[in-house]
Structure formats: structure tokens, C-alpha cells
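Next come two complexes built around chain A: one with chain B, the other with chain C.
Showing the complex of A and B:
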């Protein structure tokens, strides 16, 4: 039976720029465990066909747009560089900053010293907590078919962190991960492994930035393992400059009574392909997927979600809101999957789109694959422009048209933004949306 | 007529499972240019039609079978099928073969005009040929042409030439190309300008011979301001091997025209082990060519082992509209991948999709639908509602909508739900003294109501009965 995944390859399928020589460079100086993991991932990566425009998942995102071959994998030094504080950092307990020059981990709230949280590079974690990393790294995905870019990242990641939150530990302000890449033609492959012990509760924010006009590629993979009763919130803001290309894979496994909120915000860059999957794998596990995307100019965004129910009595809810303007093109594809005998599943999927200009395009492909009865799974998708009646209401109260549009678009997105756990993130989202609505024309 | 054990379990579930033992003329198995020529010769077709078929055949050779649908079936051997089979012709002036008449009586189709339902004109296709059309004279008075497509090719070649293949070109897809090469019979309806067809037009398709494929070709044309309602029904004998039914239906609606197309598809679906049954691979498409035209599809799909069917509407004319109402039921080991395509091209076009999927036992029921708004389709509107009902732990129900909007003035909404019959609903009915099986049946009937009310009355009653028979034993 056909599936959405890429088919297996007959001959080793290697993407330009990610071959055996590059793997050798990635293996150099790594702990034995990571070397083994990388080699195994490389094997898996070569056995999956390279994406082509005729593959179902890439029909609306020509893989040639990723421009493999014109980017070189960054060799990010392991040593710590000087921490460069930014105004928003005060809102977080721990700030991790990554640039092509190196990394900095800054514990502002003394949470690592108290033993609540461990924030380490994956290399260090592989040495200090070998068994834990061995069990967790690369396994959040086990219920899905192998995925090309997840495996690619698993083999070639050039910066990786392990965040571990101890049993019943709560973080007041959360963790910020900042990636900044200003090297033309370079590829950043960040890897993040998050393990939350039972009862742990915290929030994590991630931000990607680069200067406008600098061509960069990012292939990111994050995985989250939530032990029973953990409560984790994650916000990822893709805020690349105008020439960024982004491919992201997020996977979460949520155990009994645990709850995850995964927010994926796609605003920057030229081309973006984001996949967010969650597996609620024990009874009463709960997942919320929030998404926001706004493509203007010639931006092309593709987001995919997968709500995987591999146990009975599990819950998931999804809300993705998108807008397209100018000649922007957005694609949303999502699947709710309920396995055999997973009764008592309650799952919902909503995708709302605003098509603001002629010439812009939005596609929505929500999907349900249900193999069990006695459950309730549903989805809803809408597409349209701003409601003329709402516009009229505002205009008749003396509000200028551009302001009325701004209010309505911000209001449209607010349903997702208001759930974002960080004020600094919410502010940045508002700021970018406003910029997109009324771009400052360059003199 | 050989005995078909009418007391068997199968017979109670599928009373159309018998076959008729009459003298049939069947050409040998296999497909080649010669077979295409033989079919064309048997139909006494003009040269241009043969050329058209051959072109389609050559195109088909270069195509490969689509495998993207959520269906699982073994490879089809296209050389292991008889492409033509027909009851032996009677001498001129003779009445229809009494065996055939009996068959249709058993199927509940009176071929005798006096006994026929007064409001319905019938065309009956038996394997590869049309064996009779009723009420043709009455319709002729109105200028309506209602006959088999073979007859139309001979008697109205200009009309056929003008419209055939303009909605579903032979190169459209694998099964359409195959059909274009070897199609044998189907109906041709032509409603001239300004005529409102006074009765329902109907075609009954019956597969009888073993190892044959049925390649139906239907063409419906409604000129300006014309209206017609067309019904289609199908059955086949219960056999252990699979048979292929690959149909193409084309509808053209000109300015202000309206066509309503209803199907009650009850092909043999195979037994409880998934043995036998019809492969129903169908391309149905309507083209709203004129402004203010309307094409409406209503389908009740309760049969066939495998269904691959997406009745579509291309709304090219301004202010045109498309509708799709569907009840698809799968039980036992049946698989269905069905839905619609609504293509908005003209300005101010609107479409509605209501799809109800019921899956029971170990079946798999998929809705797959496309709503596409092209850049010039200003003010397009669509509303889609797809509901799935699951009965049994081993069935699956999947929904794959595709919504594409390239116009800022489009307003599209889609909603889908998947659930089982709720305990609460059953409890409510049970507490009022309704037996559990009846209660479940009531809920199912309510679930399908939006679609059944679109059917002409006689069909609607039939459809409800059919659904109940099919679900017997699955619910309660």
C-alpha cells in the first residue's frame, strides 16, 4: 500500500555535499558511540531514495529548490566562545548560542548547578551519560518509516546538544537556543536531543537567524522523549534572512499522562520544509501542535505534521495557521494516524489559510488514516481572504484600510501566538508579521 | 437458467449473484491492435472511430497503471481478459431472447415498455452490447437522442465526433486510454437546446460472461437551457475470479444546462475472504462548458471488490456549479478509494462536496478529493464535508483531501470527521424500545440522509434497502 514516505533506493542514494568524505570529517574525534550512530544513520540515509518532484511528499516542493551541492557542511569548533549577551536573554534560565565560530552555553539562573537541568554538547553527553544517549538518540522516530533528512542530520549534524531535565524539576523561565549563521554557502546541521524525566516541566525556545541575502542551508533535527507526566513546551522560530533554506524534522514521543506543546513558526528564509511528528504512545498522553507560517515575496513554505496514535486513549490537537501574500506559496500537509486497536483516541486537526493577494497560492492537504473504531478523529481546513464584513466594520469606525488589515491578520494569528509560552517570542512574531504586512520600502 | 442456490447465505446478501446461460459470442482472450479492429468491426464502426481507438491503444501501451491509491490488489493481466462478449444476435424482427428477458425480470428491470416504470427510459447493457432501449420514440418527439453509444456512432456520427473524448481525452489516464481503445457499449444522451427531459434516463449494466472485462462508455450532452437526470445501476454474477470494469463517463453542459447523474453501484464485491469481485476503475468527469451550467453527481457505492473512482466537475463557464454527493460502503474485504475533483476555472463558480464513508468488517474506505481554484477563478466557493463511520475493529477509514487555492477571492472550507456509532445514540434509541440492530441501522440511515435525499425517489428507497442488506450482521 502506498505511503507518503520516500521509497527505498535500489542503489545508494547520496545527495551532493553529503557523501562519504563529508561523513569521515564528521566522524573525526567523535566519541565511539556517536561514531557508531553516525555510521548507522549514514547507511539508512543512503537506502532511501533522493527526493524528486514526482514523489507525493515533494509534489508541491521541488527538491531542486534545496540546491544541494552549493553548500558545504560547516565545521563548527567544539570549544566554547565568549558569550555575547542579548537583551532578550534575561527572560531565560539558560541560553545556548551557536555561530560558525563556536558555541556558548550560559546558565543565567544557576539551574544546571542545582542539578535540575543538564545542558551539554552531545559529544560531552555521549561520554558522561553513554547509556542514556545511546537509548534516546535517533529513536523518537521509531514508529514512522525512515526519513531521509532525519537520517541525513543523524549522520552529518555539526552541532548537537543534549538537554536533560531531572525528575519533577520545574524551570521558571526556560531555555533559549540561538542559531546564527552568517557564512555564505555554508550548511548548518543542528541536532537537539531533549529528555524529560517524569514530572519535569519546562519550556524551550529555538531561534534561527542569518543576515539577509546570505545563502545558507540548514537541516535541523530535534527529538523529544517525554517520560510519564512530563510537561514540555517547545517553540521553534525559523527567522532566517532572505536567502536561507531550511529543512527541519521534529519528532516527539510522549508517554503516559505526559503533555507536549510543539510550536513551529515559519517566517523567514526563501524555502522551508518543516516536518513535525508526535507519537502519543501511552494512554492519556497528550500532544498539541501549533503552527504559524506567513509567506510573502517569493517565499515557499511547506509544512507537514503527523499525529501518530500508537496507544489507546491518547489525545492530540493541532492548529496550523498560515497566510500568503504577493507570490508566496504555502503548503500544509498533515496526517492523523490511529493504529489498530487504538480505541478512545481523540484527535483534531485544523488548518486555516489566508490568501491575501492574487498571485499567492496556498495548498492544504489534511489527512486521516484510521485503523480503529470507537474513536473521534476529525479535521477542518479553510481558505479565504479577510472577511469583507469585518473589514467594513473596522473601516466604518474610522480605521484606515491598512490598519484594519493589520488588525485582522494579527487577530487571525493570535489564536496560535497567545499559546506561545515566551513573551519575547510573541513580541518577535508580532514584529515579523507586521513587517511582512507593511514592508519598509528600501530607499 | 442454471440454478443459483437461492437459500445460500451469499444469495441472501447478494441476490444478483446468478448468471444467465445463453449463447454468447465471445472473442478470444488478449489485447492487441487486431482485437481493437475486431471490436470496431463487430460494432460496424466507421473508419474514423477505428483510427481513434487505435490511437488510444498505442497511447495506452506507453502508459503505466496508477498505483498511488490506497489500495492493495494483485497485478492485473490485461492479456487474460475477453474484451468482447455478447449474446448471440437474433434474427431480424424477432423478439428478445426469452432467457435474457427472464434475466432482467429477475433483476427487476422490465424490458417490456407497457410494464416499464412510466417515468423512466431504460437502456440495458449486457456484457459488451446494449440489448435494448425503451421509450425511444417518446423521447424522439422531444428531439432527445437516447440510445446506445454504438448506435449513436452509426446514426449520429457528427455529434459523437464533436463531443467524444473532449471531457476525458484518451490520454487522460491509464484506464481512460484502455477504455478508449476497447470500449464496447454505454449510453449516449443528447438533449437539444431548451428541452427539459420529461423522464429519467437510465442505463443498467450487467456483467454476465466469465473472464470478461466491461468497458462502458457513456456520453451525455445537454445543450443550452436543457436538463436531464440520468441514473445508472450495475450488478454482476458471483464468481471466484476478479473481473475488470473500466468505464469512462463524459458529461457536457452548455449555457444554463443542468445534468444530474446518479449511480447505484452494486457490483459483486467478492466473498468474506476477499475472493472474487469486480475491479471498478472508473473515470467520470463533467464539464460545465457554458455559463450558469450545473453538473451534479450522486453515487451510492455498495459493491465492487476494488473501487477507484473520482467523479469530477470542471467548472469552466462563469457562474457554473458542481455537486458531489456520495455514500460509499465497504464491508468484508472490500477496498474503495473514491472521491471527487472540483476544478474551478470560470468566475463565480461554486461547488459542494458531501461524502459519507462507511467501513465495516475488514474493509478499507478512503476518501480522496481535490478542490482546485485556478488563478482566474474569481469568487470561487467550495464547501466539503466528509464523514466516515467505522463499524468493527478491523476496518479502516482514511481521508485525503487536497485543497489548492491560487486566487485571493476564493473561500473554501473543508471538514472531516471519523467516528463510530456512539454509545449515546444507541442508548437513546434502545431506551425507547428499539432493538439494537434497528437502532444502529437508524443511525446509519441518518448518517447517509444528506446524500439519499438527492436521489430520485425510487432509487432512494432502493439505496436504503441495499445498505441495510449489506450491513446485516455487521452491526448490532
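Showing the complex of A and C:
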């Protein structure tokens, strides 16, 4: 079975900064369930080879760029920090804030009082809802596809939340998670576990920020378990400052009649490697993977999608749109995987790229691995600069060249942005894209 | 001196010479029609007037209001008052009609930004006049539009920008009779002493809706015959072969 996964290791494969001593620190004071989960994940992590530039998945993203060894795992205290309200907070029911000093969970819409919605640290959830966490945590990942960084996060995560939405419960305004790391040389390893009971419907927004020039590493893992007929949306915005390094793994398991929308937006930091996988594992399950990336300056972004169809009559649709400018470099790699006997699968994979400067580069490698008959799978990729006829048309209407470029780039991304369910996130996306097109020449 | 003066214009795309000495004079308040067989250079002429980057002018000049526009970018020509109704307007997905029109109107405004209230009012009124549904304003520019919708969109822009010189490049091609009526209605509403009009067409049909004061016939990159409205009828009866014979006789 050809996948892009790293091969098994003969000797324990340990990355600098994430060894047994660090694991001991992570285990300290944890509930027994989490200790067991972390220890098992550590075992799995050491049995997968460390990424090297000769591995297929890393040929276009030299893992030395992650600078393992120069970052120390943050020990985020189990303390509540003062809640620092932001102007956009009123748009959300719950706001979760994380800094190196601690966390704050602010239930602005009073939605957790009824118990229909639970927002807890993973430690608290492991104590209060042990069976549920035991069944869900670390199990969304596809067993065919061992993932080094998913297991690394599972062993070493230093801040974790469990969001649970009960049967048929809905959230009007959704949940915002914001991570801010201003500590030079530190590693943040956020973990998110989302469980949606049948008929639950809600949306999550997530944002990562840091000051420009402050070197930080983030290795994030999120997993989503959707019971039948659930409807969950995630919009994640990687908005790190100029010296951020980001590695992320998302996994979603979608059951009968349920629907997930996973938006992965990569705009910040200097190096980013993002993997989004979904398994539509029961009939009439549906996944939409939306992606947006824009690499300018020397940014290097790599994104990968995995659309698993492990049941007949399942649906997935993927649209990743990227732009590169200056000497920015982006890689998109994707696989649609339909298992044997999965008839009636409908799956699409589209990656469109704008290459705005001759020194910029975008690679696109879509792919299908199909073991079933009677299905409809297609993939397509486009690559090119702005269409000269569109430019001419706008300019012939009196619109100056720079403004016409801005309109066309924003228009290119709009197909993804217009589906984002949060106005504050759409605004931020527009803002960052505009900054990248017309950078302020200070700093 | 005429408001739009095309003098001995030679233009080519790549190595292919298309315009070989076009002369044409149009004043504001006048309606000129330009006809000619396929490949005579009609669409090239409109592209060269607007400043399409693929065409190179090798000789001659285009003056608008006494000033050469050849060195101007397309956006400068547009702001000077030249407007081209495209034969094949491109789709621009993700850019809504209202935001596009606003940017284009802003670009013409002395302060760089037109007040939103009056702009929206005018846009809605013009859309209603052109029998366009108000919901069109939120759609992507020309995205998924039918031929008739695209041409109405062109006329809507003309009405919003109020240009001094309009070139209509085969606006009638591919239009059914209803769409042609609506397009003509828009043009006739706009016709006034402050606007000149050059209607480039294959067919006489549109000229029964938009009546020209002058007709010119373009052949092999040159205007070979000019005349009054009667020439339309004569051309219809006798065909381009007759024009060719006349041109050969006078050459």
C-alpha cells in the first residue's frame, strides 16, 4: 500500500528536544489515563523514522528547517491567566486563550452552564469523562498512515482542550481558540480533541500569533470525532510572526450523514508543514477541506491532504488555493484514497496556484489511490500568474495596475474565503493578504 | 480638430501587420459605424485604441481631445474618457460587480473615493433600467453570465462611467432580439453631445436601433470608404465586393 508515510525505524528514532527526559516532565502530575496515552504515543513516535530530506514526503521540505534542538518544550503552568478581552471576542460564545503563562477559558455566551457544551482542559476531561477521553484521544488518525508528528504531539503536548457538544446541541456563535507565544526558543504543542454527538452543530476558529522576529516552534495536533448527523466546522489560521515554525496534523473521522469543513489557512511564520486528513467512514458522510496559503519573502509552506474513503457512498471535496510571491515557496501534496469495495464514492481534489514573481515557486502533486470500482474521483491543479486578459479588462475600466492586482488576488482566494463561517476570520484573511501584496517597507 | 483623431495608424501583433494606415475622425455627439469583413482589423482597432498590451503601434497616432494617448496605460485612457464595450468580456471570479464598479468609479473621482450612497443609488437605477436583477450586484463579475448578460454588464459600466468616447466592439454579436433592444436602449439613453460613439459591427441590424451619422468601411487594415447613413443600405444591397471594386478603382 503506497503512502507517503515515514518508514518504521530499526533503532528508536528520537528528535532533539523530544526525548525521554522531556517525556518524564510531560508525565509529571498527569492523570493516569493521560500518562498511559503519552507513554504509548512516545513508543509509537520512536518507532517511526525521523524525517530526512530523502524521504518522499520531505523532498520539498528539508526537515532541517524545523531546527529541532533549538527549541525547549514550554512548561505551561496549570493556572488561569487574566482574561485579556479583544475587540473580536463578542463574535464568539467561548474564547480560549493560551500564552506561555497559562490559559483562560471565557464562556461569554453562557453556553457551558447547561452542560450541553463542555470546554475543558484535557487533564480535567480525563478526570471527569475518563471513558470518553480514553476512547477518543489519539484514535482519529488513520492506522494506514503512521504520522511521526501526530505521535510526537500525543506524547509531548503541553496544552490541551476537549470540546464536547451534546446531542442536537448547536452553538450560535462558535468557539475561538487563540494561542500566543512570545517566548524566544520555546516550543508550543497544543492538542485539541473535539467530540460531536449526533446532530451537534458548531464552528471553531483558531488563531496562532507571535511577535515578529521571535523564534518559536509549534507542533499542533487536532482530532475530530463526528457522530452521525453532526456538523462541525474548523477554521484554523496560522498567523505566526516572521520567525515562527509550524507543524500541524489534523485528523477527522466522520460518521453517517455527518459533515465536516476543515479550513487550513497558512499565512504566517517562516516554515510551515501542515497535514489535514479525514476519513469519511460511514455512508453519506461528507468532508470539505478548504485551504489557503500565501508565501512571500522567504516563506516556505508545505501542505498535505489525505481524503480517506473507508465506506461506500461517501463524499469529500478539497479546494486548496495558494499564492507565492518574492522567493516564497509552496508545496501541495494530496491523496484521495478509496478502500476496496467502496462504491459510490464521490471525491474531488483541486489545487490552484498563483505564481506572482519569477523567483517564487509552487509545486503541486495531487494523487489518487483507488482500490474500488464505480466511483467518481477527480483531481486537478493549475499554476500560473494573474491572467493578463483579466488585468487588461480591469485596467481598461480605469483601475490602476496595483489595485487590479490586489482585486484579482483577493478574487482568486475568495472562493475559499467566502465559505469561512466567521466574519472576524474573513476580515483577518483579507487584511493579511493585502499586507503581503503591499508590504510596509519598514523593519 | 476632431475629438478623436486616428491618423495613419499602423499596428501589429507579433509580426503580423493588421492596421495599415487607418484614418478616422469622430466628434462628441456623433455616432459612427465601422463595418468590414472578417479579418479586416475591426477588433484590432478597438484594442489599439484602448491600449491592449499585445498590440504594437508602428506608425501614426491616436489623439483624444488633442492629446496623443498612445503612451498612456489603459487605465489612463479610461480615465481620460475612452470606453470600450468588449466583444468578449472576461469573467473575474471572486470580484463582485458592486465592488468592481465602486473601484472603477472611485478611480475617476477627484478625491479617489466616491460617496457610497449616491453610487449605490445610481447603480441600482441603471441596473433597473437595463432590466437586470438587483441580486446581480453581488455576483462575480461576468462569472457564469450568458452572452446577453455580459453585454448588459458592459452597457451598465458605460452608464456608470459616463465616458466621452465609446467604442462598441461587435456588441451585437450573439445577442437575441430582446437583449439587443435592451443594450440599444442603454446606448440611446446615454447618447448626448458629450459622448462620441463608434459602433463596430458585422451586421446592419444594430444600426436600425442605434442610428449612425457616418459609416466607414474597413478592409485589409484601411478605411476604404466613408459615407452617410445611406451607405448602410447600399452596402447591404451590393456587398463588400462592390466596395472592393470601388476601392480598387480609386486606388
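FYI, the second predicted complex is superposed on the first by the 437 of 443 C-alpha atoms of A that agree within 3 Å, B and C clash if a C-alpha of one lies under 4 Å from a C-alpha of the other, contacts with A are read in each partner's own complex, and residues count from 1 in each chain.
Here is the rule we use: a residue touches a chain if its C-beta (ideal position, glycine included) is under 8 Å from a C-beta of that chain, and two chains touch if they have at least 3 such contacts.
Keep in mind that this is a model prediction, so the values were computed, not measured.
Student: With chain A superposed, do chain B and chain C clash or fit?
Tutor: Fit: chain B and chain C sit side by side once superposed on chain A.
Student: Once the two complexes are overlaid, how big is the angle at chain A between chain B and chain C (Cα centres, nearest 10°)?
Tutor: The vertex angle at chain A equals 70 degrees.
Student: Using the touch definition from the top, say if A:105 reaches chain B (first), chain C (second), both or neither.
Tutor: After superposing on A, A:105 lies clear of both chain B and chain C.
Student: So in the superposed three-chain picture, is A:412 touching just chain B, just chain C, both, or none of them (first/second/both/neither)?
Tutor: second
Student: For A:163, is the partner it touches chain B (first), chain C (second), both, or none of the two (neither)?
Tutor: Once the two structures are laid over each other on A, A:163 reaches no partner at all.
Student: Using the touch definition from the top, say if A:399 reaches chain B (first), chain C (second), both or neither.
Tutor: Touch partner of A:399: chain C, not chain B.
Student: Tell me which partner A:368 touches in the superposition: chain B (first), chain C (second), both or neither.
Tutor: Touch status of A:368: first partner only.
Student: Which of the two partners, first being chain B and second being chain C, lies in contact with A:359: first, second, both, or neither?
Tutor: first
Student: In this superposition, which partner touches a larger number of chain A residues, chain B or chain C?
Tutor: After superposing on chain A, more of chain A is contacted by B.
Student: A:274 contacts which: chain B (first), chain C (second), both, neither?
Tutor: Neither chain B nor chain C is touched by A:274.
Student: So, A:377: does it touch chain B (first), chain C (second), both, or neither?
Tutor: First partner only.
Student: Considering only C-alpha atoms, give the closest distance between chain B and chain C in the superposition, rounded to the nearest Å.
Tutor: For chain B and chain C in the superposition, the minimum C-alpha gap reads 14 Å.
Student: Could you please specify the touching residues of chain A with respect to chain C in the complex?
Tutor: 387-390, 392-401, 403-404, 407-408, 410-415, 418
Student: Write out the stretch or stretches of chain C touching chain A in their complex.
Tutor: For chain C paired with chain A, touching residues are 50-53, 73-75, 77-79, 84, 86, 89-90, 92-95, 99-100, 103-104, 107-108, 140, 157, 161.
Student: Help me check something: in the complex, which residues belonging to chain A touch chain B?
Tutor: Answer in residue numbers: 1-2, 56, 340-341, 343, 353, 355-385.
Student: State the interface residues of chain B toward chain A in the complex, per the touch definition above.
Tutor: 67-72, 375, 388, 390-420
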